[in-house]
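These notes concern the structure reproduced below.
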Amino acid sequence: MSVQEICRVAENTQLGDGLFLMVLHAPKTTELAQCGQFVHIACGEGHLLRRPISICAWKAPELRIVFQVKGEGTKWLSERRTGDELDVLGPLGHGFDVGALGSAPVFIGGGIGVPPMLGCVREAVKQGAKPAAILGFRNKGAVILEGDFRDECETFVTTDDGSYARHGFVTDVLKEQIASASGVAACGPKPMLKAIAAIAKQAGVPCQVSMEERMGCGIGACLVCACALKAKDGETRYGHVCKDGPVFNAEEVEW
Amino acid sequence: MSVQEICRVAENTQLGDGLFLMVLHAPKTTELAQCGQFVHIACGEGHLLRRPISICAWKAPELRIVFQVKGEGTKWLSERRTGDELDVLGPLGHGFDVGALGSAPVFIGGGIGVPPMLGCVREAVKQGAKPAAILGFRNKGAVILEGDFRDECETFVTTDDGSYARHGFVTDVLKEQIASASGVAACGPKPMLKAIAAIAKQAGVPCQVSMEERMGCGIGACLVCACALKAKDGETRYGHVCKDGPVFNAEEVEW
Amino acid sequence: MADLRVNFCGVELKNPITTASGTFGFGHEYGEFFDLSQLGGIGVKGLTPTERLGNPAPRIAETPQGILNCVGLQNPGIDRFIKEQIPFLRQYDTKIIANVSGNTVEEYEGMVEKISDADVDLIEMNISCPNVKCGGMAFGTQPKMVEEVVSAAKAKAKKPLIVKLSPNVTDIAEIARAAESAGADALSLINTLLGMRIDIEKRRPILSNVMGGLSGPAVFPVAVRMVYQVRKAVSVPILGMGGIRTGRDIVEMLLAGADAVAMGTVMFNDPTAPVKALRELEEWMDAHGVKSVSELSGAVEVG
Amino acid sequence: MADLRVNFCGVELKNPITTASGTFGFGHEYGEFFDLSQLGGIGVKGLTPTERLGNPAPRIAETPQGILNCVGLQNPGIDRFIKEQIPFLRQYDTKIIANVSGNTVEEYEGMVEKISDADVDLIEMNISCPNVKCGGMAFGTQPKMVEEVVSAAKAKAKKPLIVKLSPNVTDIAEIARAAESAGADALSLINTLLGMRIDIEKRRPILSNVMGGLSGPAVFPVAVRMVYQVRKAVSVPILGMGGIRTGRDIVEMLLAGADAVAMGTVMFNDPTAPVKALRELEEWMDAHGVKSVSELSGAVEVG
């Protein structure tokens, strides 16, 4: 179930270069939220389309999201101040099925794909699993939420340029950890997800990935957010990121 | 000369039913302002076109305007708060030539046409004339700026429904005062201006009127704000409210 | 209290507000946000003879107060619609407008014949979708083709047949007359305007299909103009659409000549837009002493 | 530093930014807000053989991210333009694009002949204005008429002749080909889309002329699409316009196929938009290592 809720901005803090942490007062949305779902946010009169942003974490009535300024919509979001109101649709989509990832799940986030994994880690802990997290960033300035993850579980951090923590990619770490992993879940750039899916497949553990696509309605009515999936007959069919996803089983995805 | 100025809102106060008084910090605009001119205000991302609003009064660096909420643009304006910034083009157009109205000019405002007459009255006083003001309103709730006018000159107030001051129209008062008037200037609904022009003509005194038309550029480049004027040959020609006006000699106007 | 009912070629709509085909799926999703029985009618996703997968992503691009889409008529096919979706829709007290597309005259005939026997109220024949390379576009832009395909379809229609016109033409009135003379019971317009956006960083079109259909508030003035022109050209009822956001927009579309309206893209911004607009329309009519919707239809005064 | 110069059918523009005819008067007014020498060229108000008064007010209506206008070609006539305005414009280091309109083939011939002998750099022939009842519209919407009027005008032209196309057609490529084959040295597009708004309180059209031309950001995706289609259809240079707001929009229009661009309606929102866009364009090119504007023109990759 989803609702349209006018949420007060409780906090909007710059985390780093073009990165913002926003806390919304969202009593109805947080009551329904599951990890890996997203909210669809109206970004002012200037924009007809809402912007999809993953739920990072929540503690009713507060919803936490983290976003990166990319274009005009996210720029508008970054300019909201405490007390402003936002028109939020959510929670939307099919999130991570943390229970299906076993007792030692590994959660992997790349860049702006990191935030939704925090909700996953917390859910896993709540379900009694012993998760690990692998977080990859471009460089030191892009590192976000590290402390929040470390509060929950063993956390590995990499940077592409070695300017912080381990020099390399999340896949380097995953390859080392995969032997002890009962399942993998990831959010980030598509090439990263594809590489992770391959590693998980080889290791024979379940893998869930969160996909991105441009959206219209955000609820499954307009069919614009097509994600190519493998149909049983080997043909391509289209799932919809906003309703069937954003989280899909990696095996389903046509990479 | 005109400038584009980003002005801080110093005050935005509701005066009455849908009526607002706004004070803008506008050092450059106020340096150039003349009575009867207007400013062209950008009304947010939602509106491509600026909205023309008359200059009511000014005392550098503060510019005072009074506006009525009519549609989406003025509604947006009414929602601005102290400290917000507005993109203002101005001062624009050809204002009142108070000097040409003689030593006993009468200034007449109808409804939302009242505000620009305040600047006129002050200018007349400054020039050593002895102005009078006639202000007409729909009803008691619509009365604005009465005190400001009374501070400057003899002021007559009428309401259409008699709910305040004199029951009747500004023309009723004008007919009584015209004998002692050296000139007339007016702003308000077109039928009112037309009636005033006729009275002034009969009395043989100069009459200036401020016209309204929908605008594009506001500076004379797009030619959309046409106002039908009498050409010398008796044919109609179009003047442009934003540049040739908003103030025209009443004799010129094709009513 | 204003009477909102509309008789649309013999079918009574409880109010003039329907949903635009392709923006509303088969109703399930928006049904979470408001009671579908509040709508005058539901225009369902465009149907084809067999399942269509549609185009790859991206299928949408934002434009100033508009969107481009190139969904490419993804749909489960008419048979599954009849079997799986009609029973769901019939739970609600609203009319069903089935929207059909085809690549050939024969396909249109077959679709109209089949859907006529199903439990729908109105048939909307989309001869204007700009996304399907063969067929769609061509039919809606040539008066001769319009006549041919509409006559053929009309011969098979046992329900009122609405012909949906493309705005991508030089003379919309000519196309409207062709559709009317071929037997259309009503016309709907506008479908999307052909447009394009380019991702300047990638130097590639944003849409997978290069071009797509423009809809949303940006097209409203074009839609009002075309409805006005078509109203003057034909006498069959008109379902007006294109960029409607509010109750005031509905009044404007009715005045231009529409008998009923459809809302689409605006719901992506606000899922409850149709019910808000319904309330606004009702309030506006009451405040203006307008007793029935038909008083407004085509009532613009010119000259 | 990027090289912004553009060779537009033999005329060197210092940068690709010009102003759209009819939105910029003869330059005086915007000259108060920025130095006109910063522009690649100035498109002046459309000229006719003799003075035209234009339509009564209202001549403008706002639409979502757009405007409708029905100025109706108010202008002082070509002779007064030549005598009174060219000397003013020549004070600035920029190119003059004279825009001419006529009601008959003969009028176009006469206008082009006369303006050819005046001190202007380029002639833009408006065969697309939707506001003039007789003439304008018809020429631009029929390939045969386009050929006829363009051939006749070209025979008299001693300066490069740009033919300005109407977007209100089924197939813009066909019209473009007709203009090119008739001798057009360049094409400009898009002129305004025909639209209408109604004042629902008065139940009357807002515009005195009932319908008017839609311009502004709302039409940008239609303009990009048409420039792209025309680029594929002809080889003469293209002056792209329609809804451009920013330097990024200019890059998009260039990628679609324009060689230079014009900005119009956006200035009503921000009078300095062209100079802001110029700066943005330059910065964008520098940041992306694009050395010259011509590297961008038509460089969209498809497929």
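For reference, chains read A, B, C and D in written order, and residue numbers begin at 1 within each chain.
Basically, a residue touches a chain if its C-beta (ideal position, glycine included) is under 8 Å from a C-beta of that chain, and two chains touch if they have at least 3 such contacts.
Predicted model only: the values in this text are computed from it and were never measured.
Colleague: In whole angstrom, how far does the Cα centroid of chain A sit from the Cα centroid of chain D?
Modeller: Chain centroid spacing, chain A to chain D, equals 46 Å.
Colleague: Nearest whole angstrom, what separates the Cα centre of chain C from the Cα centre of chain D?
Modeller: The answer is 33 Å.
Colleague: Whole-Å distance, chain A centre to chain B centre, using C-alpha means?
Modeller: The separation of the two C-alpha centroids amounts to 56 Å.
Colleague: Hunt down the residues of chain D that sit against at least two other chains at once, touch-wise.
Modeller: Counting only residues that touch two or more other chains, chain D contributes 61, 65-66, 216-217.
Colleague: What kind of graph do the touching chains make: line, ring, star, complete, other?
Modeller: ring
Colleague: So, with touch as defined above, which chain pairs make the list?
Modeller: A-B, A-C, B-D, C-D
Colleague: So in the complex, the part of chain B that touches chain A is made up of which residues?
Modeller: So the residues of chain B touching chain A come out as 44-46.
Colleague: Which positions of chain D touch chain C when the two form their complex?
Modeller: 61, 63-66, 68, 141, 168-170, 193-198, 200, 203-205, 210-211, 214, 216-222, 224-225, 228, 243, 245, 248, 251-252, 255-256, 284, 299-302
Colleague: So in the complex, the part of chain A that touches chain C is made up of which residues?
Modeller: Residues 1-2, 4, 42, 47-50, 87, 89, 213-228, 236-238, 243.
Colleague: Tell me, which parts of chain D touch chain B in their complex?
Modeller: 22-25, 28-30, 32-33, 45, 53-62, 65-67, 69, 71, 74, 206, 216-217, 265, 267-272
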